[in-house]
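You will see two complexes here that share chain A, one where it goes with chain B and one where it goes with chain C.
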Partner chain A sequence: MTKLLLIGLKDLKLAFRDRAALILMLLAPFLLTLGLGFVTGRFSGGSGGISEIPVVIVNLDGEQLGDALVDVFKSDDLSELVTLTEADDPEAARRLIDEDEAAAAILIPEGFTQSIMPSAEQFAGGNAADPVKIEVYANPSRPTSAGIVKAIVDEFASRVEEGRITGMTAVTQMIVTGRLAPQDAEAAGQAMGERLAESPGTGLGIALNTNTASGETNDFDVLAYMAPGMALMFLMFTTSYGGRSLLAERSQGTLPRLLVSPTSTAQVLGGKVMGIFFTGAAQLFILIGASTLFFQLKWGDPLGVIALVLAAVFAATGWGMLITAIARTPAQVGNLGSAIMLIFGIMGGSFIQLEALPEVVQWFSKITPNAWGLDGFTTLALGNSLAHLGRPLLALTIMGAVLFTIAVIVFNRKGIMQK
Partner chain B sequence: MPPILEVQNLVKKYGDFTAVKGISFDIQEGEIFSLLGPNGAGKTTTISMLSTLYEPTGGEAVVGGHSVTKDPMAVRNLIGVVPQELALYEDLTARENLVFWGQMYNLGGSRLKSRVDEILEQIGLADKAKDRVKTYSGGMKRRVNIGVGLLHKPRLLFMDEPTVGIDPQSRRAILDTVKDLNKQGMTVLYTTHYMEEAQELSDRVGIIDHGELIALGTQKDLTRQVGETETLILHLGENDDPQALAAALNNVHGVIKAEPTDGEVSVICPEAEDVLAAVVTAANERGIKIRSIDIREPNLEAVFLHLTGRALRD
Partner chain C sequence: MKKIFAIAWKDAIIRFASKAELLYFVILPVVFTFLLAGGTPSGDEDNRIRLLVADQARTELSVQIIAQLSESTAVRPEALPLAEAGSQFDERRASVLLVIPADFSLQSLQDGAASLDLRMQPNDLNGPVAQRAVQTAIRRVSSAVNAANTAVTEAEAARPFASDAERQAYFDQSLGLAARLQAESPERVTAVQGSTPDQVEYDPAANSSAGQLITWVFIPLFAISALFAYERNEGTLRRLLTTPTRKSTYLLGVIGGQVAVAVVQMLILVGFGIAVMKLNWGRDPAALAVILVASALAAGAIGTTMGTFIKTEGQASGLSIMAGMVMALMGGCWYPLELFPQAVQTAVKVLPTTWAMQGMLDLALRGGGLTDVLPEAGVLLGFAAVFFTVGVWRFRYE
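Moving on to the complex of A and B:
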């Protein structure tokens, strides 16, 4: 174990002494973030963050829940973030999107409240209406703003869901206390259960806390999306750079020298992995520190950030090792690494928000550390904590573990010294 | 005492090509053994197997009682390796390199520090220890490369052509270092394609060519194989053809063998004086100008020539 650390620290030192590597590891993502910040006007607004997102809402429901959602958007909490327009006609709303007059349109369909809170007759009949879903139309040219609106709606939907569960508990209590006849309750419970099964909790990981403990609103900062996007993209450079160093050590003779010292192949390989991991983690922490310092960017819950960085670096290191295992020369690792860096960058949402990308790409993006990492960082930036990172953390860890397994198998087959 | 290294019928194949074709030799504790052979003879491949880097295709080698195939870790603790190609981290300083490699040999704490200081002193780089290796001259890098192999005071040191491509001064320093280390009790396996180095350093020599050990023994044993012969080295004019002269000389009575090399012809014969006149005449007849003639006592070069019909360096 000590040797793994020693080899890893040696590689960390070497990476930070390589000027060309430093440019790509730190300077490039920093400057690109800065550049994108200017392009999107992040630095001209003064206050920082997005405000006055134009939203159009069409409330065809007109009952309790539909009205409640409209009230959410009209609330003081969101008054600065959102500028709301109400419309009667879904077509008109969509036109506003097409003409780029609005960032998102929310359509509350007729019968929304009914489908959630069935009337007594429906309970008795035992056939509940199909759950009706709120639709959000996103303006592809304003992905971040649209994303925020979607997050608010999701949050609302998950609150409603919570309410339903609470409701069911209430039903049970009523039976226990004898206030509801068991034969009626069965039908009521069944109806509720079926609907719940069809639409599992909508807590999609992304959620906007409109009422945090202090009661302040969390503005969503564009940079909170771009900075991690760039950092994650150039993290892929770092991991392929580390993989490349393994092959470079082979040709520069230090790998054979390690292998004739009392150090096992597993220790050498483990040490190289450590080196990539340390370098990647150092890179992300430096970039996070720098953007916090220079852009006043709030990354969110520190524990969540640390956990997410480690998981993302783990997954990216897996990719680096796989590339290294497949390639034959350091140059091949370099080329393959750069290609994957760009493809993952684009596919994983580092440049364009994932929601704006075709569905196939969104699906494919699940194999990139970028997409999951961004998912996590966005979740944190919106004010959530480590506890809400379950999905991205799990996905990144599994990704890393699978990639490592494949890399080790390939290495075993080829031998660390032979091609 | 059993030999510190026993090599039995060692074979290494790279695909269809057999680089080492079943060589056997022993090294006694305390000696400097030279493996002499031209480029491509299989010296590095042999060292790679003895140092547990490559698994032999056949045969066995035992270091200090431990098999290189069955107990490589035990072998690695006993041996030091100075590879032919520099194997250092150029972006680390000499000290950082030594510290890192010392750690890989399980040294640590004050023991590591004092060993690193000693080595820096020994290789004469104590004042430059804080400079990155990439700023060093070729000779300085070679010295660090050697220093790394000495850190853990190995019982058996493998040195693979440690003087290739450096200036005469650095070469001198390296040869002296090898002799010093040996005086302090270190056993050395030294490979080279320079006859003079083998001649200066070692008592026993193995001559390797095309993966085969074609001669093995003390320098006296080996030169005796050539017989009581002498070698004439004929230095020719620039435009003269060594090939043509050698062909002619092979027909001269009293010449055992004549070999052309770069601008020279070497002639092996029982007695130089007996053939000298005939050699000069043969050259004159063909209009070839001999600029000068050296007469050499039998040496390893002559042994190689005798055994292979080729010069060691080409």
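Moving on to the complex of A and C:
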């Protein structure tokens, strides 16, 4: 056991003395996490979503409903989401979109209010006024922002339409049942509209009770997902780097020297595996510590985090050993290891959430330590404890054991560990 | 000129000495482009958020709610028994679960007791989007009932009903009228896509194709620094000292060769985009050529400057990957720039990846032509000029 530890600690020291390796082991995941924090607004007090969407609004209606829509976009509720510019000329507004200066232009045409407010003729069963449509002129290269603007305008239009239907129904029914004279309909409708506007009631007739899985509010911290994703992706680099050292020692002649010493093959291999394991665990603990310290990221139950890190490193070490067993030269391990790091990164959800990937990829992601590790870290970030990590811990342990067994078989067949 | 070609050819041979280079040259870029485009599907695929619905009521009203949700552009309802839906939700295989309780009916709505339960995963952006979609569906379904209730209240204020039966009949008639008005309700909002010259339709796969192209071309061009480190450590750079070769000739040979290889790589990826992903890359080949070459020159010049600071091949390789990934992320190659805070959108204009991505999207999404990409190409050539000058100034054979 002492020999195992000595070999393992020697490899750990070598890894942390190699500046080139440190770039990808620590610096790259840290900087990418930092970059993700910036681009998602995590460090600027944002909630991790879109903000300050540039919107141009042209109100040619100038009456009650046109003004109301402008007020919606000026409201405090949307002050962080939208940066509003009012304009007079629809063509100038469209030009701003075509020149990519704004995400969307809202054009409220003249007569919009008049086309919605029911007239006496309509109450009497006459033809409805031709609908006058609000135009949302969307920037094709900012589809998400434009989509949000369209959704806000849709919701406004939907509320306006609800009010119209409510007024039309109430007034028409009163006329039909003789409670209201047709000539008084328009005035009664307007009075009702004002009354409803002053006391809109509960809004929805159906209550929507919302709660998250853990019973808390749905606060979104993008780093709670991205930081473990990046750490796990570069863990794969570390484990293949460790495997590369085995072949490098062989080609440099230090491995045969070890094997002629009173040290068994199993001890040497075990020591190398332990070195990879120590390095990977140290890498993850440093990254977790740094993100906790610098980004105030909450990783959750410490015991759960430790167990998950050890299990994830064990599984990744299995992959590192298998890559080493398959490859012929240290350079091949490096190339294959980096490629697998990137493929597992994307398949395992380090770049985008697994749910957004095709189903077949989601299925294949189960062979990656990244997917199971991320599953576990997300579980912990949601406030769960070690007791809830059964599935990811079991999956990672089985993965590591199976891969390690296969690697040993391939090592023996290829005679890599022969004296 | 011969020297430049000779140096370029020698570097190409060194780079492709290992077959593994093909992994990074074409296989990984294609895999990433394909998978990331799969993450933002286009065409006939249904990319709405999956909303699990456990309908325990199975009443006319619950069916109406599900029907409204089916018409949503944001969510895709999937009806499941409560146990199975709950199990999927607990295993985080779905972002949102809507439970319609057994007592959910028109009567409970009239009594003001109707409610739905929406369960959302914490830390999941899909939750609030789905919540909005469910509220919209509720609003549409309940608005007719609300209108009928208001009609009853207004009528009663004008003249009380003689009996409960009369009130109920009035409510039913009002509900019918409100439902008819709702069905006849015209569209009040129209969405028009920005007028691009030939009305190119937005295709999210174009984002993925352009972003991955830049990522996978910039990283090996930054790795020109590794070529310098390799030659310096092998002593072959010193040998050049004994030949009548100027620094600029050597650097032009290295950069020219790697840029030529990068252009071939880009053309393969563009071809993949056109043939497999049906992207509109080929509508203005001259503009495409200008932006591709300008991007490659900028990245190559940055790699040259990096090579004058870095000592070992290992460091150069690691730094190239790191710089390439960070610049790609910050330049909007992985996630659309529009999602970034405004201040960050402005700050990242110091990166060549931002300008390269902007130029690519001008072509792919905005239907731009040669004149539209000239500003971006100009900035990229500016990057190339500055970094090439710094590279020549700092370059040492030893």
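What we mean here is this: the second predicted complex is superposed on the first by the 241 of 419 C-alpha atoms of A that agree within 3 Å, B and C clash if a C-alpha of one lies under 4 Å from a C-alpha of the other, contacts with A are read in each partner's own complex, and residues count from 1 in each chain.
Here is the rule we use: a residue touches a chain if its C-beta (ideal position, glycine included) is under 8 Å from a C-beta of that chain, and two chains touch if they have at least 3 such contacts.
Bear in mind the structure is a predicted one, so any value in this text is a computation, not a measurement.
Asks: Touch check for A:Y137: first (chain B), second (chain C), both, or neither?
Replies: second
Asks: Going by the contact rule stated at the top, is it chain B or chain C that touches a larger number of residues on chain A?
Replies: Here the partner covering more residues of chain A is C.
Asks: For A:L32, using the defined touch cut-off, is the partner it touches chain B, chain C, both, or neither? Pick first, second, both or neither.
Replies: Second partner only.
Asks: With both complexes overlaid on chain A, does A:S79 touch chain B (first), chain C (second), both or neither?
Replies: It touches nothing on chain B or chain C.
Asks: Touch check for A:S385: first (chain B), second (chain C), both, or neither?
Replies: Neither partner.
Asks: Taking the superposition on A as described, I'd like to know which of chain B and chain C A:S158 touches: first, second, both or neither.
Replies: Once the two structures are laid over each other on A, A:S158 reaches chain C alone.
Asks: In the overlaid three-chain picture, which partner chain does A:R257 touch, first (chain B) or second (chain C), both, or neither?
Replies: In the superposition, A:R257 touches chain B alone.
Asks: Under the stated touch criterion, which partner chain does A:R19 make contact with: chain B (first), chain C (second), both, or neither?
Replies: The answer is second: A:R19 touches chain C but not chain B.
Asks: If you lay the two complexes on top of each other, which residues of chain A touch chain B in one and chain C in the other?
Replies: 18
Asks: Residues of chain A touching chain C in their complex?
Replies: That would be residues 18-21, 23-24, 27-28, 31-32, 35-36, 38-41, 44, 46, 48-52, 83, 94, 97-98, 100, 103, 116, 128, 131, 133-145, 150-151, 153-155, 157-158, 160-162, 165-166, 168-170, 172-174, 176-177, 179-180, 192, 196, 203-214, 216-221, 224-225, 331-332, 335-336, 338-339, 342-343, 346-347, 351-352, 355-358, 361, 375, 378-379, 381-382 of chain A.
Asks: Going by the contact rule at the top, pick out the chain B residues touching chain A in the complex.
Replies: So the residues of chain B touching chain A come out as 48, 51-54, 73, 76-77, 79, 81, 83, 85-89, 91-92, 96, 100-101, 103-106, 148.
Asks: Please give the residue numbers of chain A that touch chain B in the complex, ascending.
Replies: Those residues of chain A that touch chain B are 3, 6, 10, 13-14, 17-18, 252-254, 256-264, 417.
Asks: Chain A touches which residues of chain C in the complex?
Replies: By the definition above, chain C touches chain A via 18, 20, 23-24, 27-28, 31-32, 35-36, 38-40, 50, 89-90, 92, 95, 109, 112, 114-128, 131-132, 134-136, 138-151, 154-155, 158-159, 170, 173-174, 177-178, 181-182, 185-196, 200-202, 204, 312, 314-315, 317-319, 321-322, 325-326, 329-330, 334-336, 338-344, 361, 365-366.
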